[in-house]
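Let me begin by presenting the structure, written as structure tokens, before commenting on it.
Chain nomenclature is as follows: A, B and C, assigned in order of appearance, with residue numbering initiated at 1 for each chain independently.
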Amino acid sequence: MAVGQDPIVKDLLQFTTCDVSDALCKLKVPNGGFLSGLTLWSPQRQEGMTRIVGPAYTVKYVPLDDPSPKHPTHYIDSIPTGAIIFISCPPNTPNAVYGGLMSTRAQVSGAVGSIIDGRFRDLHEQRALNYPVFARDLSTAPPYELVKVAGVNVPVKLQTSEQDIEIRPDDYLIGDLNGVVVLPKELAKEVLPLMRKQVEADENVAKEIKGGMKFMEATRKFR
Amino acid sequence: MAVGQDPIVKDLLQFTTCDVSDALCKLKVPNGGFLSGLTLWSPQRQEGMTRIVGPAYTVKYVPLDDPSPKHPTHYIDSIPTGAIIFISCPPNTPNAVYGGLMSTRAQVSGAVGSIIDGRFRDLHEQRALNYPVFARDLSTAPPYELVKVAGVNVPVKLQTSEQDIEIRPDDYLIGDLNGVVVLPKELAKEVLPLMRKQVEADENVAKEIKGGMKFMEATRKFR
Amino acid sequence: MAVGQDPIVKDLLQFTTCDVSDALCKLKVPNGGFLSGLTLWSPQRQEGMTRIVGPAYTVKYVPLDDPSPKHPTHYIDSIPTGAIIFISCPPNTPNAVYGGLMSTRAQVSGAVGSIIDGRFRDLHEQRALNYPVFARDLSTAPPYELVKVAGVNVPVKLQTSEQDIEIRPDDYLIGDLNGVVVLPKELAKEVLPLMRKQVEADENVAKEIKGGMKFMEATRKFR
């Protein structure tokens, strides 16, 4: 997990996605920035200690018959070092919008991981690269019969009917075993002290509980 | 897997969830008591030999705007030894209703596992505790912006449109790799001899099949 | 993974499901033959190097109140060596239509794997047999209260609202980490040279990308 020059990324790497969501809930961000349905597939399937943090580099796929013109260049050749690629695909697309060659190129560019709001493929290859991939699901088919890229580094919405949440270029994305969280860039400096305080309180509560104290008592003592 | 004083729990630990469902189907219990959608996440994701058995201790979350008052005490501080915590959450809630501190406290109380009909979080922590958790899915966000506890040790319905099935306090819950089954407490003594007979027949059928006998012939011989 | 006498099976075993889908997309087969929702459960859950290839031997379950008569014999006693069993179950059935004894018998018959368009059970047993199983989901309950077999070796449709795709007896089924693909039998000889060409091009592209070439440049060079 490469760490960019951004000191906020370095700080965020100390915390879990749950810590970030706890802080964002305190700031009244709905669902604490949680992006439901995006889970870890590579290097391992919801196992291990993978954690990625970086600014979002977004890619927007739309149906082939969408009036938007196709984006003139290939997004994969312009990834900033330290970025997390976030690919948005129309819901219920059975085909993959991301594969092994994309990760091969992303890794050379210094991307820290890819998050696919849709399906991806070439799982053996992703794991052989030891490259972090979060996604909604797998597929075997290429995308070109159904979708096209209409925008790069534009705001995209999470493709679910259960949440109304946007991922904008340079928002921070944080991914680990629990899932993926988007941290709006303008809130990054505000969440860090909130998280430090919360994590310390939780550690103290856990310690007292293990020693036999009731949860409510321990909570009152440290929160 | 702690075993309580209850001899039925000790007996049930000899059998798989499939054995229990087979017996319940013979007694005309729909779906053999199977609770669809609740799968093993900790200590491993649908791997290993985890099996939990115990009486249900239920917790009912409702939407924040539900007219029911909030339950006056925290459920986590009153768990009976040997119990399985069953937490019911309104469907399509993106936030978690269960986390690492809850398992820390549950484990100290002697609970044998937790089953979340909804989302939970802190997967690293759950696994570090080596505590069994079954759930519908993961999340990163805390529950308080969306739901509240309205009942403890009250009957709850499985949160699915595909089944109409209830979990009542002290019904037996059995969980393993295949999923979770609820065994109505009044049927527990009836299923045990049915299971013993069925498992013995299945073992004999498997042996004959491995020796080259056709399935139908082996079945007629032993069932 | 037993290989039958069929030279096409032997050739197909050199390729991934993604390779097959790439070739089928070139031949305008929708979704490149991908069968969404069918994932690897045994011998490992979406891990390892499992790959199965073989002609489909289909089994069609229908609701118990369907007017079709029940199939007169048990499908499991007539599996051709080298076949892949494909079991179709009505959608939203919480019960399993396949279990450990079926795999025990299938393995003796020389089947190379089973693909369940529905739920299966006895996961420990499937893994102990080291037998490949792909399926939609798990269950604990037997099927007989809800469904019956109405046809063996008849065409079946994938049970999803998102795709309109049929699996016919002797179509080739290919399954690996990425999922399952159906290759219509009449296209098998046509896809093999397409795949060889594509895989070679992809390997060259990957090599150039790792050496620092941009994706678009590498693609223009080799495709």
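Here is the rule we use: contacts are C-beta pairs under 8 Å (C-beta built on N, C-alpha and C of every residue); 3 or more make two chains touch, one makes a residue touch a chain.
In this text the structure is predicted, and so the values were computed from the model without any measurement.
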Chain contact topology (line, ring, star, complete or other): complete
Residue-number overlap at the chain B/chain C interface, same or different (half cut): different
Inter-chain centre distance, chain B versus chain C - centres from mean C-alpha coordinates, in Å: 31
Multi-chain contact sites of chain C, meaning residues that touch two or more partners: 45
Chain B to chain C touching residues, read off their complex: 16-18, 20-22, 24-25, 30-34, 36, 39, 45-47, 49, 162-163, 176-179, 181, 202, 205-206, 209-210, 212, 214-216
Residue ranges of chain A touching chain C (in the complex, touch as defined): 45, 73-74, 76-77, 92, 94-96, 99-102, 104-105, 108, 121-124, 137-142, 144-145
